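Paired with chain B in one complex and with chain C in the other, chain A is shared by the two complexes that follow.
Take a look at the complex of A and B:
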């Protein structure tokens, strides 16, 4: 049983891994210097790692974190939350306002601010969760509310254009900790990933979430409360969103309510899809979504390195993404499986199983 | 005869009453501004207007803040229909105002431009209280030239395209880059309608990722300069007085001037957001039947502005010229 499960899991990751491999190869042929990594000293006197690879892993941090939470909501509810960017901005605003209300910025007040913004983000996400789980409103409609008004709420919270927070702790959180050349946001991704891994390791949340996603009625009959599971997925997404909001705010040392985490909801959904997860809910693989996030960022950075105008990047990205998503579609998969069967008849049975699944 | 005399007297009384009543009535003004959330500059500007055009000061003021030209025009047309006495505008775009301003003129409404000029016949407005944006650009470019660098490789972050501030600050730099072979424009991008720091950061990241070599960042407001600086810090590129890259901003927010004082930036160009008091004076003069004096051929009154150098700025400068907190 465990053997077949692992096989089907790898199958899910096949397309994103191949896509990543092609991107890596493409850049290697285009310009091997793309992968060069250096060390430099910035204005604060900190050593920082430089190079496109570091830039990709660093810039994708917020997206990777939100994609993790989005995977869970997708699996449990069979729909997506499109208000992650807006609520992330609210979280960032709360973070800034809490620090401004405190007399000084030190480890204690920063922790307090993180707690405060986590609480608020969870509250907002729980609001979405109640609409989806209790009132059974379609997730996209339910989250459209905060998607449209979230950024205005963020502006009310901060009450000014771009409030600044200036402190060594903030820049350590958004860029690099003195003495550690690796960008701090990367540790944020690792931390959130670890927390989720521990949760899945020691609870039955994965099983419960998948069963609610696959068949809500059957799950209920087996003693699982679908409302609680769905709400919980939104609460976890809330934590992820708060983490992304804090990272985004610390990067700039300010919160800009109009553009912090802008368009990240679409990229996050895309990351979930590229990761081979079914957007209709059910079984999921968070590692796939994380891979998806890095693929999206790698695509952006590759295009930038090719000096494509940032304004036109979305169009180029769209073309590549269509190809990746098409390659992962059931129809194409079945066709590929047929093709495989013709070439290697003896291994056909496993491949067909994959294609139908 | 007696009756006629009485009638005339009564009429005169009515007329004088009406005049007295009219003098007591607040002056109706419609103020069209940009979104205060745009920048520290705009916030200071909106607050300044709110502080001057108050009921205590004899005004019945209506405020509209709209980020785009079409919303602003809508607001102006509403004000004309409602019949205000004066309209004050800081235009999102320099063109497209002729029809609306003509309608205002026909309705006998006085129009004051503040902060940003509009590209139209000066007959269509009463006066303009503006910054000489072009002069801000010229001053900044002259300062840059005075450094006597061997090469000028510029990363240019523009503001809202088409706005007077963007055009005024961009053109002197663009002209210099075309005229002087030592000056090259490495990359040009815009922070968009909201002069956005995040957009500016993305442009800088794009330039860094593409391996482009630049030694000057010319950002058309403070927030965008800070966005670029965040990208520089993340990539280990030094900046400021002792750094590899020269950082320039505009607006003179207090926090930005502090960056200058700390040596992280090199230059900040002033742009005064305080026009309300001057306009108030002019309206009061007009109401008293006087005429506005001291206007140039474009009917402008120019706010005086300067630029600050990180090597010479003082705490006192920050207290005097800095905006915000």
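Take a look at the complex of A and C:
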């Protein structure tokens, strides 16, 4: 009995953990110096940690945050939101425009700007949510609308320009806080992760979301409102998207509707899938998706370190990702389980022996 | 009956994680016999069939099929078919939007060009031969379920099967259709086909079967000639105990007497799917809604629970007016509802047994008041034990349990909320005799503990045994109410047919 318990706990994370382990090992063999962490002084005179590991964890922040929200939407609705990058850019634009409208950039106005962009991102995501939950439109189709026009809306918000914001607060948010050697976006991931953990701890969000995702008719007959749960998942995704938009904007010190969070929707869906989550909805593991996000970033950084032409990186990434996703597929899993039984016949026969007793 | 064996299975073993599904099971099928495979849910019938049809690989044992030298190696449904083993499943697996002939020959036409005219002619011949009332060019969906079932059998027979497996073929058929199907089975038997018949209906077993093999807990209990095994004995063999339980139940049924307090009362309640009706139930009363399929009995209880859109009427609980427009309202007012379709509306298949048990209570406590883990575990343990739910662990996905155990999990879910009024719509459908009895006993026990229960079942005897009042429906209207001495099968039939207003 304890055996099956352990399996269900780790089973889903096994493939992404193995994938991450192989990537780590590969880099260790390729270049033992890959993992060296140093301390350097950056442009603003702060002491900061440097090295590939720090850079991977730092650059994956936006992806990890969005992947968390994407996991919830996937679980509740059995589909994905492909407008996260576009809405993230809208959120970034609102953030910048609010700051521009205020006379000065200080903690107060930054908080105001964060609230404003959060509200707008939630509003846009709620629009998606209404299409999916109330009108029962396929999530991919419903979110295609904002996917195609979101970046234009962002461009319109910033007044057809690429506005820059320059302030110590902004660079502290996008890079490092003076005196703290760890890049700030990493704290962003931790913060969002903590907020979600608290939500899961003190509400029934997980049980309700999984019930709706597996069988919404039965969930309704047990008093759950599937529409509300689906909307809620989009609202939470909205908050994640706003956070990612703000981090991305602060990192660049500007909003560019062409490059901010570009292609992140596909990576986020991929992170959810690599994390072993069922894209058809139901049970989910947010930790898996976060792991998926770091695997994707690790892959990019590894390829860059190998001096692969950035233009070709996507092709190499695709090959590796195909392997990871196939390793996690039910067919390969069943084959691996069979192989395992053949290699370790004594455990199999022991299990049968137990059954007889 | 002395015909030689077409199929011999010896020492079949099959292990699933956590359970031994089959342990050294033997099964023999002779040419031209109808052989019933009996057992409670989880006894291993389905597993044995799936091993035979190549859906599951066996862990041990041997299978011999007439006409194949040595051991038959069946690793896929295709292998089974090539060995002459055909299966017709409970759910019809044909394509409803194709014609009868297309359904009979799809996937086994030869060459790139298909001359459907020829196939239609062949199909007509077979249908005629077997006396199946369907035309080759008719769309399958336009045939009754029984005829669709028979077309599936015709397809199997035409593939020269020696062994025909019928898995719960009668569960969605009415009496006349069952008779038609039995006619076909007897006809095939005369032609030398060996038929394995899996069903829950005891009377049907005796109507057609020559032999009966009984399984229990994955083990062979024995093989018997149907003529030498009385029905009571069969039930005893399946359950592994004698039938004191049955008599005990009858005594229980007479004991329970409802109180006076009206727990639930509806006046002119109507929903998007049901006509306006009035209904009341007293404390500790077991009542039933009966009527033919589609008479509105399920729709009425759905309206009570707020499962469909409520369009009118007023409802009182314990004499106080309440508003019930959605399931959550009903739950807050102390109503529980076990839906008719367990798979579609009841279980949340991928979630664990534990989550499925605590779900309703958790929802009633509210979104912001999650239970502690230890509390969930305790509730799950308590009800797994109380209802004797057979599961590998609390973490097992409920979808992997047998039908009867899934039903018990949903029962546990509602019992945990301690409702004043529990609605059970077909709680015993597709469930083995043993679990059926357990559920009936439970209903009577709950009534003794002052719970009001509405019990709906397609089997009238079951309702007569448990209910003290029967509401008879026809064409979405209540046409009668039977109590006391009127609770006889004949009277129920008469009321359903004639609609005598009481």
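Keep this in mind: the second predicted complex is superposed on the first by the 338 of 357 C-alpha atoms of A that agree within 3 Å, B and C clash if a C-alpha of one lies under 4 Å from a C-alpha of the other, contacts with A are read in each partner's own complex, and residues count from 1 in each chain.
Note that contacts are C-beta pairs under 8 Å (C-beta built on N, C-alpha and C of every residue); 3 or more make two chains touch, one makes a residue touch a chain.
Because the structure is a prediction, the values reported are computed rather than measured.
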{"item": "Partner chain in contact with A:40 - chain B first, chain C second, else both or neither", "value": "first"}
{"item": "Superposed model, chain A: greater residue contact from chain B or chain C", "value": "B"}
{"item": "Contacts of A:312 with chain B and chain C, given as first, second, both or neither", "value": "neither"}
{"item": "First (chain B), second (chain C), both or neither touched by A:59", "value": "first"}
{"item": "Partner chain(s) touched by A:207 [first = chain B, second = chain C, both, neither]", "value": "second"}
{"item": "Partner chain(s) touched by A:106 [first = chain B, second = chain C, both, neither]", "value": "neither"}
{"item": "First (chain B), second (chain C), both or neither touched by A:217", "value": "second"}
{"item": "Touched partner set for A:148, first chain B, second chain C, both or neither", "value": "neither"}
{"item": "Parts of chain A lying in touch with chain C, wherever the complex brings them together", "value": "1, 4-5, 8, 201-205, 207-208, 210-211, 214-215, 217-225, 282-283, 351-352, 355-356"}
{"item": "Complex contact set, residues of chain A against chain B", "value": "33, 38-44, 47-50, 52, 55, 58-59, 155, 160-162, 164, 166, 171, 174-175, 183, 251-254, 256-260, 262, 301, 304-307, 310"}
{"item": "Residue numbers on chain C that touch chain A, as the complex places them", "value": "13, 15, 17-20, 23, 59, 305, 307, 326-328, 331, 337, 339, 344-351, 355, 359-360, 362-364, 366-370, 392-393, 395-396, 413"}
{"item": "Contact footprint of chain A on chain B as seen in their complex", "value": "36-40, 42-43, 189, 194, 196-199, 201-203, 205-206, 208-211, 223, 226-227, 230, 232-240, 243, 255, 264, 324"}
